[in-house]
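Multiple structures follow.
In the two complexes that follow, chain A is the common piece, with chain B as its partner first and chain C second.
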Partner chain A sequence: MAEHSGMVEKRGAGLWLTHLGLIIGVAFIFFPIWLAFVASTVSQPEIVRPPMPLLPGDQFFENYSKALTAGINAPVALMLGNSLFMALGIAIGKIAISLLSAFAIVYFKFPGKKLFFWLIFLTLMLPVEVRIVPTYEVIANFGMLNSYQGLILPLIASATATFLFRQFFMTVPDELAEAARVDGAGPMRFFFDILLPMSRTNIAALFVILFIYGWNQYLWPLLITTDPSMNTIVMGIKQMFPSGDDIADWPVIMATSILAMVPPVLVVVGMQKLFIRGLVESEK
Partner chain B sequence: MATLTLNNVKKSFGKTDVIHGVSIDIEDGEFIVIVGPSGCGKSTLLRMVAGLETITDGEVQIGGRRVNEEEPMARDIAMVFQNYALYPHMSVFDNMAYGLKIAKVPRSEIETRVAQAAKLLQLEPYLTRKPRELSGGQRQRVAMGRAIVRKPAVFLFDEPLSNLDAKLRVQMRLEIRALQRELGVTSLYVTHDQVEAMTMADRMIVMNGGVADQIGKPLEVYANPATEFVAGFIGSPPTNFLSGALLGRASGIKLGVRPEHMRLFDTGPLRARTTYCEALGAETLVHLTCADGTQVTVRQDAAAPFPQEGAEVGLGWSSEHEMTFDASGPRI
Partner chain C sequence: MEKRVTFKGIWLPLLLVLPQILITAIFFFYPAGQAIWQSLFIPDPFGLSMQWVGLGNFEYLLSDRFYRASFITTAVFSILVTVVSMGVALYLAILADRLIKGSGTYRTLLIWPYAVAPAVAGVLWLFMFNTRVGVVTWYLGLLGYDWNHVLNEGEAMGLVVVASAWGRISYNFLFFLAGLQAIPRSVIEAAAIDGAHFWTRFRTIVWPLLSPTTFFLLVVNIIYAFFETFGVIHTITSGGPQQATTILVYKVYSDGFVGQDLGSSAAQSVILLVIVSLLTVIQFKYIERRVHY
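On to the complex of A and B.
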């Protein structure tokens, strides 16, 4: 009995140590975010006067309502809406397209199947930045500058997601497709009734990753949106920085930064359970 | 319910011929087992009947109607797969109802049919469960249920019991057979297990290398194998084969004698050395080696005395139990 309790104590100490380590780590990462939050709740003179305050001030509602409704170039509410629309468009579009292309590659025989697969795979090596000039040219010629289509379409194809779904579909036993065929389900019926529900957790995991990918797009929106009403929030923060001798409205900029972080955090927290299940297990 | 006719059905993958022409007329309600070693084409044959493989040549008729070009659904068949192929995200009820839903059967009718099948298969308590919450035998039953609710003309079974443990296999074997008798649906059943074939079949097709070596009632096939392969494959332990040369007869022929028909004697012209004896309780298997190295098994009653290992004994049998085979296989 004595030995037993000794072991528990020992493990208890280890537990505390690991927690201490984690707490320090979290504090380290969280500190800048805390500073940004503090800065978004005080007034402009308080920020510029050293030392910087470490506790929240009383300007929370003033700063945030100013940011949301007026902003600097465009109201943050509008930019949040733009970002949300773009991120959702990219995430949903990518998932839809890659599900369908993976379905075609795994379940159908057609001439050039291998070639198409490798072509898709090759695009993995070409990130947006590499092909940004020709892409800009194409989008400009289509007259899609300053539009949601322009923001979403070029980013919508995804080799990674296609590859991921292809790998998942290949683990689905062939007999399942055959059983569906015997049951009288056509290819698309099989896709919607069986393959899609089976990929549920994978879709959720991808959605989280792709939503954040879309939300954090910076270079592309910066290139193709000149109209402030089409600004997305991530690039909008940069646009808020003053040029020349203007004075930066730091409390509003910081409030915008904090607001920009909220939706991805909500998506991750809300979908955490499905997300982890999608990455760890596959249901068969 | 319907007849099923295979008329010189052939299959090739590219230039490789896997089925060299199989013909059989299956009567309404008959239970036919296709048995053979792995790679003999038995599953391919079944899948051709199902419509999952194209038919290179020949004709498949269900209920007198040519179905070569029909989709599986239109052939009025139901299939039970080796790994059950249940839809993992659907409940047992939905698994069974899926085919009916696609066929746009009214909801009330679906419920009645699934309830009937569930009752028949003792699945009633599990209808809301997912397949992963079921045991192997229960999953097997769901797969059967999915086939039953469609009320097909023909049941196709592709080694449905090979994923079950030995005890459950024996039990499910009986259940499937009883169910088929009760429903009276024409069935085609593929297995590599000759015991399943012997116990379940009305008639069986013994396949070897893409050829139907013999088609017949199990006991007829056992008593009268058409080829050396059939004699060796059906029956456990397998038939003993002795070369003509060893027996002082025409060389090139082979003589087959079943283990239960061989007797041990103290003396006799054909001598063999005892390798080892397996006493199984009800019977004893005596394994021997002949002068030319041929392995022979003798099955005798447990009460009969058996020789010491290493002892030399004589072998004998009555001539009516002899089966003579040509060197290339067929019975003479």
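On to the complex of A and C.
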């Protein structure tokens, strides 16, 4: 790589200082997670008599199996399932309705098109947190408290994905639609056979972002899942703390925290390229 | 804006937009309208009827000592979170950008906390600074410092700021690094040949060229601090002590769901709605400019 090295990059002592600075940064990022992991592998007495050890103990299996099968209010395995269902529902649901509406807006002329476009556009960036009380009432009136529909549907109502697909469809060469029309292929045939396969990478990148968004929801599940068996894992952790002066079951709580992190972290690290692409695209 | 080639049909496109329009109408426009409507009433104590008060809820809010305090708390909190997370991220991005090899490895090591939910970040930091079992609390005690964020307002604020900023560093790092790597090496090297040292180069070349990224991140981070940090605050302090960490979103929640003061909570929602809209407009103005240049 010598031919790439310019004169402003660091060598020698400066290089080591640069690495040192970065390693300190990485350590700062990792430290809280390391401590949580250590706490999830030791016993309760080791934690309640501070300072706790800084290296993992031998209670890994006990703590994690206790968390997964029994938990505190509900088995964590159940909460993991709820989170997975909610995250997948939000990601798939949002992508599906956005693909369809972006297709209609880009490839058709129909009455009310401008109006629909602006209605969808208006929802950009107004988070659910802003309208929680009335949205809660809507869900309650539909009898959707403690249900997957209730967890998923209100979080699908946003335009970011529609916008992204609209932008992408605008860059698709007109010749493709032209050719499909000449061949006598209907619009849905064109959509499924040409447009959808071309959008694969965009769909995957968006999926990564939406999955994490759905998995990490907190306020909304906190409001509408009063039944512990419907709790998602991210909101369920706080519910594991005892009220009053009792000491929290830290090993189990920390095992749950680690379990809550693993799926989205795997998605980010495993699909790093798609993740970065999705992040940059969806913020454009 | 328009495709030259379009398909014929009116019912098919209407059918295609229907799912999104329905969901948006039921779960977005109706609740947002309700929030605006409810903000003009106060319900009687039994919840049986509503009394029209016009802008009374807003007037009350703006004269309410606690609401104004929450505004200031939100401002302080958002500025601190934004400055801390962007500052650390920029520092790390500058370091990573100076490497010829290995910046990809550091990127992988630094980006994954993006996936850690704010509420989980809150639990992690709560554990370290817990007054009874926290490791950091214990070592601070050795140094003679008695950490207690349950009682001390400044320490509570410091803890929620650090926990919120911590989870946000990866995001900012990613955008700063991309911004730095987009600056042509030749420009910087030309300045180096002219004898400009690191700080001169940074001040006169890098920082101005980086300013679109910085501005974008500023807006996005403020929005993050306003809304997505709810999980951090709820897990660590629940808005306390003495409402010292009650940011606006937390107050909508605690007045609306815990205090059941629907009129006031709705009015607060409307105020938040206006703030987000303003931030969104600023962001779009900026994006427009970036597209034209």
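Here, the second predicted complex is superposed on the first by the 248 of 284 C-alpha atoms of A that agree within 3 Å, B and C clash if a C-alpha of one lies under 4 Å from a C-alpha of the other, contacts with A are read in each partner's own complex, and residues count from 1 in each chain.
Criterion: a contact is a pair of C-beta atoms (placed from the backbone, for glycine too) under 8 Å apart; a residue touches a chain by one contact, two chains touch by 3 or more.
The shown structure was predicted, so the numbers you read here are calculated from the model rather than taken from an experiment.
Does the chain A-based superposition show chain B and chain C clashing or fitting?
Once both complexes are aligned on chain A, chain B and chain C fit side by side.
On the A-aligned overlay, A:183 touches which partner chain: chain B = first, chain C = second, or both, or neither?
Only chain B is touched by A:183; chain C is not.
Regarding the shared-chain residue A:26, is it in contact with chain B (first), chain C (second), both, or neither?
Second partner only, chain C.
Would you check which partner chain A:129 touches, where first means chain B only, second means chain C only, and both and neither mean what they say?
In the superposed model, A:129 contacts chain C only, not chain B.
Counting residues of chain A in contact, which comes out ahead: chain B or chain C?
C
Once the structures are superposed on A, label A:193 by its partner contacts, choosing first (chain B), second (chain C), both or neither.
Only chain B; A:193 stays clear of chain C.
For A:119, is the partner it touches chain B (first), chain C (second), both, or none of the two (neither)?
A:119 contacts chain C only, not chain B.
How many degrees apart are chain B and chain C as seen from chain A, counting from C-alpha centres and rounding to the nearest 10?
After fitting both complexes on chain A, the angle is 100 degrees.
Quick check for you: in the superposed arrangement, does A:243 touch first (chain B), second (chain C), both or neither?
neither
Would you give the minimum C-alpha distance from chain B to chain C, in Å, for the three-chain superposition?
Least C-alpha distance after superposition: 7 Å.
Where on chain A do the contacts with chain B and the contacts with chain C coincide?
178, 181, 283-284
So in the complex, the part of chain A that touches chain B is made up of which residues?
So the residues of chain A in touch with chain B come to 173, 175-176, 178-185, 189, 193-194, 197-198, 200, 283-284.
How about chain C: which of its residues touch chain A in the complex?
Going through chain C, the ones touching chain A are 3-7, 9-10, 12-14, 16-17, 19-21, 23-24, 26-32, 34-35, 38, 88, 91-92, 95-96, 98-102, 106, 108-121, 123-125, 127-128, 132-135, 137-139, 166, 169-171, 174-175, 178, 185, 188-189, 192-193, 201, 216, 220, 223, 227-228, 230-231, 234-235, 249, 252-253, 256-257, 262, 265-266, 269, 272-273, 276-277, 279-280, 283, 287.
What residues of chain A sit close enough to touch chain C in their complex?
Per the stated touch rule, the residues are 1, 4-10, 15, 18-19, 21-22, 25-26, 28-29, 32-33, 35-36, 39, 47-48, 50-52, 54, 96-98, 100-101, 103-113, 116, 119-120, 123-127, 129-138, 153-154, 156-159, 162, 170, 174, 177-178, 181, 186-188, 190, 212, 215-216, 218-219, 222-223, 234-235, 237-238, 247, 250, 253-254, 257, 260-261, 264-265, 267-269, 272, 275-276, 279-280, 283-284.
Which residues, counting only chain B, touch chain A once they are in their complex?
Touching chain A: residues 50-52, 71-73, 77-79, 81-83, 85-89, 98-99, 102-103, 132, 146, 150 of chain B.
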